[in-house]
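Each of the two complexes below includes chain A, the first together with chain B, the second together with chain C.
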Partner chain A sequence: MKPEFFTLLRSPAIWLVLAFAATMPLWLPPYYLGIGVLTLIYIAMALSWNIVGGLGGQISLAHSLFLGVGAVFTSALLLKFGINMWVGMLISAALAAIMGVGIAWVDFRFKLGHLSFALITLAFAEIGELVVLGWDFLGGASGLYLPSDKGDLLAFQFGGAKGYFWLALVIAAGCFLVNFAIINSPLGYYLRAIRDNENAAQAVGVALLRNKAIAMAISAALTAIIGTAYARYVAFVDPYLFASPAVVIEVVLIATIGGLGTPFGPMVAALLLVPFGELIRGNFGGVAPGLHYLVYGVLIVVVILSMPRGLVPRIMDVMARRRAS
Partner chain B sequence: MDMFLQSLAQGLLIGSTYGLISLGMGLTYSVSGVINFAHGDLLSLGMFLALACFTAFGLDPYISVFITFPVMVAFGALVYRFLIRPLVGSHVLMVIQLTLGLTFIVQNGLLMTFGGMSHRVPSKIEADLILLGDSVVLRSALAVAFAVSVALAGLLYFVLTRTDTGRSIRAVHQNAKAAALMGISVDRVRTLTFALGVGLLAIAAVLLTPGTPLHPSQGLRYTVISLMVMVLGGMTNFAGILLGGLLFGIAEAFGTVYVSGTSGMIVPYAMFILVLLLRPEGLLKRRAS
Partner chain C sequence: MPVEHSQPILSVKGVSKRFGGLMAVSEVGFDVAKGEILAIIGPNGAGKTTLFGLISGFIRPDMGSVRLKGHEIVGMAPHKIVRMGLTRSFQIVQVFADMTVLEAVTAAALVRKPMREAVRKAEEVLERIGLSAIRNESPASLSLQDKKMLEVAKCVATDPELILLDEVMAGLTLAEAELPLAIIRDLRDSGITFVMVEHVMPIVMKTADRLLVLNFGQKIADAPPAEILSNQAVRDAYFGEEMPHA
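Coming up: the complex of A and B.
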């Protein structure tokens, strides 16, 4: 671990931001608190995807599998076998990590390359959705309803939006920390080397499969945990939300707009775009459904064509140049 | 046995159209190295254009294709020139992300224009049936789809092998630099093939429309189908892609008939993974054509 990691932990700014965020449930009105929970969930998803997609440069669209395992499988375990959701969450995280390693193996075994990787993970994601839709154990097309939330922490119930805000804050902060830790560890260097030139990385002795599999497993397990929390928060496990690749594509777009590779890009983009999208949906959802997604789509096109590395790296460049001159 | 023949015929017919859709994708990929993740959404756009022509002018989709084809070709050319061309030569991930953004634009543009309900485009021949032998009953629309898809694939083959435009397309496919040195405008060829690929979608859209409910969110599934068909065919092998389409259609038809419910829809995907594991280079081994 490089010293940067500990410098970050000691910097007061991070703790101030966190402390400020932690007070938000106490004064935010309920509607905005709901948007806050959603924003934190998206930040967490974008950050955990960033480990594979940003650091490793692999556009994985299979993350809906991991989200689905965390949400659907954990809920099914609770409803069908009465398995406590905390335990279920850990089982799902482990299962997601194994699936992630499996995908990394397929990628390695067939030397997929960036393009094929994206399309094959998309096919995996589609299959996952069909499995959930076709299997009654996982709720089929009608989804699963979780029992009402009585605020029992031992049963993974956090009461109302307040509790879930704090839960999501802890998860998002955790994802940020994991990102930062990986970036400053050997794994982060290996991943970036693989991203920039796989053959060259292999030639100097970077173990491709091992590093990709570790990154995928970490990312998958985190995504599954987010899935469980998200499912418990909305209490209705909708297969078209949790098992469909649509959410992951949204996360990929948000992370890309922000700028991949650092934890700040995906975080800032989610922080700006999710509340913005929710406000558009709240105000125009009746007249123009889908308007916020249309705006995302236009934004990604504009960002890719005008600042290919993303919003945050661009802002940092501009700031660095100003400081230099 | 009757059921077997019936589903085999059904699968072959619909599979030919899948092949046609993927052919557009494969053509673009082999010439520009661009994978268009908005392919299915552009197909969806073609279907909704047919719907718009029907609601506005009462045109049968088989007639309105003469309007939607040039519109889609022009749209494809614009998308290529202003969105994709600036990214040619940069990292392949950028184009993936850009076209993923495009799916959001098309899909939600359609949602805002046509609403979230399912639509249907009626056609004259929708209810017509054809009897083959004494056991196989086919919808005429599917027979038309098969005939048109095969004819178009044949036409494409003719153009690629016998005309100068086709030769320049194949030249860019083989070696863009050498083609440029021979005086071929690589940029023009790439724009042309992309526009043509999108135009093919307008035709495929009409072939698929009769009897299919339209919904703005359907695009992604078609993208996945055409991606899988393309991988089955070995990415750049045009005959392989057509074969992949047929195989996919047959797997889908058998899955729906012999496996109950939604699980039947998994059959073609399972076949895809199996083929990928056994023959990662595609059905027909890629020749240096």
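Coming up: the complex of A and C.
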């Protein structure tokens, strides 16, 4: 681990931001608190996706499988077998990690290019959605209803929005930390080398399959954990939300607008776009449903055309140039 | 010349590779002794780069054997071969575009060292290769020559026993090649064996202990530089009528 990692842990700014965020449930009105929970969940999703998509440069759309495993499978285990959701979450995280390794293997075995990788992971995601819709054990098309939340922590119940805000904050901070730890460790160097040039990476001793599989496993396990938390928060496991690639496509758009590679891009973009999208939906949802998707669409076009590396890298460039001049 | 008469560090036997109807490399065999600088020459398309691919694990030979320090390495993944001590540069330089020079060399050093030591090792290597001043630049912004020296630096950072260099001095005048040549000789003196593909004959003549000549995928000569010059087959295939100024 490079010293930069510990420098970050010791920096007061990080702890101040976290401490401030942790006070938000105490003073935010409920409507905004709900938006806050959703924002944190998206930050977490964007950060865990960034491990594969940003650091590894592989546009994976299969993450809806991992989100689905965490949400749907964990809930099914509880409802059908009475398995505690904490335990179910760990089982799902492990299962998602194994699926992630499988996808990395397919990628390696068939030497998929970027486009084929995106398309094949999308196909996996679609298959996953069909499996959930068609299998009663997983709730089928009507979904699964979780028992009412009595705030019993041992049963993975966090009470109301306050509790879920803190839970989502812990998960998002964890995802950020994992990103930062990877960037400052050999895995981060390997992933960036592979992303930049697979041949050159191998020529300096970097193992392709092993490192892609590790990245996938970490990213998948985190996404599954987020899935469980998100499902428990909304209490209704809607297959069209948790098993459909739509959410992941949204996450990919957000992360790309923010700028891939560093954890800051996906985080900042989610922090700006999710509340913005929710406010649009809240105010115009009746007259113009889907307007926030249109906004994302326009933004992604603007960002890709005007700042191909994304919003945050662009801002950092501009600041660096200011400082230099 | 510190050539040992023990086991060769690299032993290539009957290696062939066909691309469709083209025999890119045809039953090529040779040994490399520890501490030697072997140069491979031959006209464009002779199969030199393909031969490097076959040795370094990037291309699987149709036939033949490649032994590194006595171990068969055909079929091994390139990164495992690097771990065994053989690394290569690419004729078409392959940069890590989103990393700084230091980060790229650190990635290479990580093959044998934990994180912090790898950074230190990378700094040492950059110092030695003369790239310290540009350690924080993006490889994409470097001159072609610096890019090629960065290729060498990445190779060296993996702590190899044998480096395959594919035309790192192409396009340089003899004067411009002095510095890279001095670096290569210095690295050889510290125990690294080199196999290098080079086109510029005066450089080859000055540097190599031995020359291997490829033509149409076949080995047509394998001898010390002075003998190669007087070899009729080589003259016909490679130099035409004109003799190089050695």
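Please note the rule applied: the second predicted complex is superposed on the first by the 325 of 325 C-alpha atoms of A that agree within 3 Å, B and C clash if a C-alpha of one lies under 4 Å from a C-alpha of the other, contacts with A are read in each partner's own complex, and residues count from 1 in each chain.
Everything below uses one rule, namely that contacts are C-beta pairs under 8 Å (C-beta built on N, C-alpha and C of every residue); 3 or more make two chains touch, one makes a residue touch a chain.
Source: prediction; values computed, not measured.
> According to the stated criteria, A:185 is in contact with first (chain B), second (chain C), both, or neither; which is it?
In the superposition, A:185 touches chain C alone.
> Applying the document's definition of touch, where does A:272 land relative to chain B and chain C: first, second, both, or neither?
A:272 sits against neither chain B nor chain C.
> Is A:261 contacted by the first partner chain B, the second partner chain C, both or neither?
second
> Once chain A of both complexes is superposed, is A:116 in touch with chain B (first), chain C (second), both, or neither?
First partner only.
> Could you figure out whether chain B or chain C reaches more residues of chain A?
When the residues of chain A touched by each partner are counted, B comes out ahead.
> Quick one: is A:2 in contact with chain B, with chain C, with both, or with neither? Answer first, second, both or neither.
second
> Tell me the contact category for A:234 with respect to chain B and chain C: first, second, both or neither.
In the superposition, A:234 touches no partner, neither chain B nor chain C.
> So in the superposed three-chain picture, is A:131 touching just chain B, just chain C, both, or none of them (first/second/both/neither)?
First partner only.
> Considering the complex alone, what residue numbers of chain C touch chain A?
Within the complex, chain C contacts chain A at residues 56, 58, 77-80, 82-83, 87-90, 94-99, 103-104, 106-108, 110-111, 114-116, 118-119, 154-155, 157-158.
> Which of the residues in chain B come into contact with chain A in the complex?
35, 37, 83, 86-87, 90-94, 96-98, 100-109, 111-112, 115-116, 216-217, 220-221, 223-224, 227-228, 231, 261-263, 265-266, 269-270, 272-273, 276, 280
> Under the definition above, what is the set of chain A residues touching chain C in their complex?
So the residues of chain A in touch with chain C come to 1-3, 184-186, 189-190, 192-193, 195-197, 199-208, 261.
> Taking the complex as given, what residues does chain A use to touch chain B?
Interface residues on chain A, with respect to chain B: 57, 59, 110, 114-116, 118-120, 122-123, 126-127, 130-131, 133-135, 140-141, 245-246, 249-250, 252-253, 256, 288-291, 293-294, 296-301, 304-305, 308.
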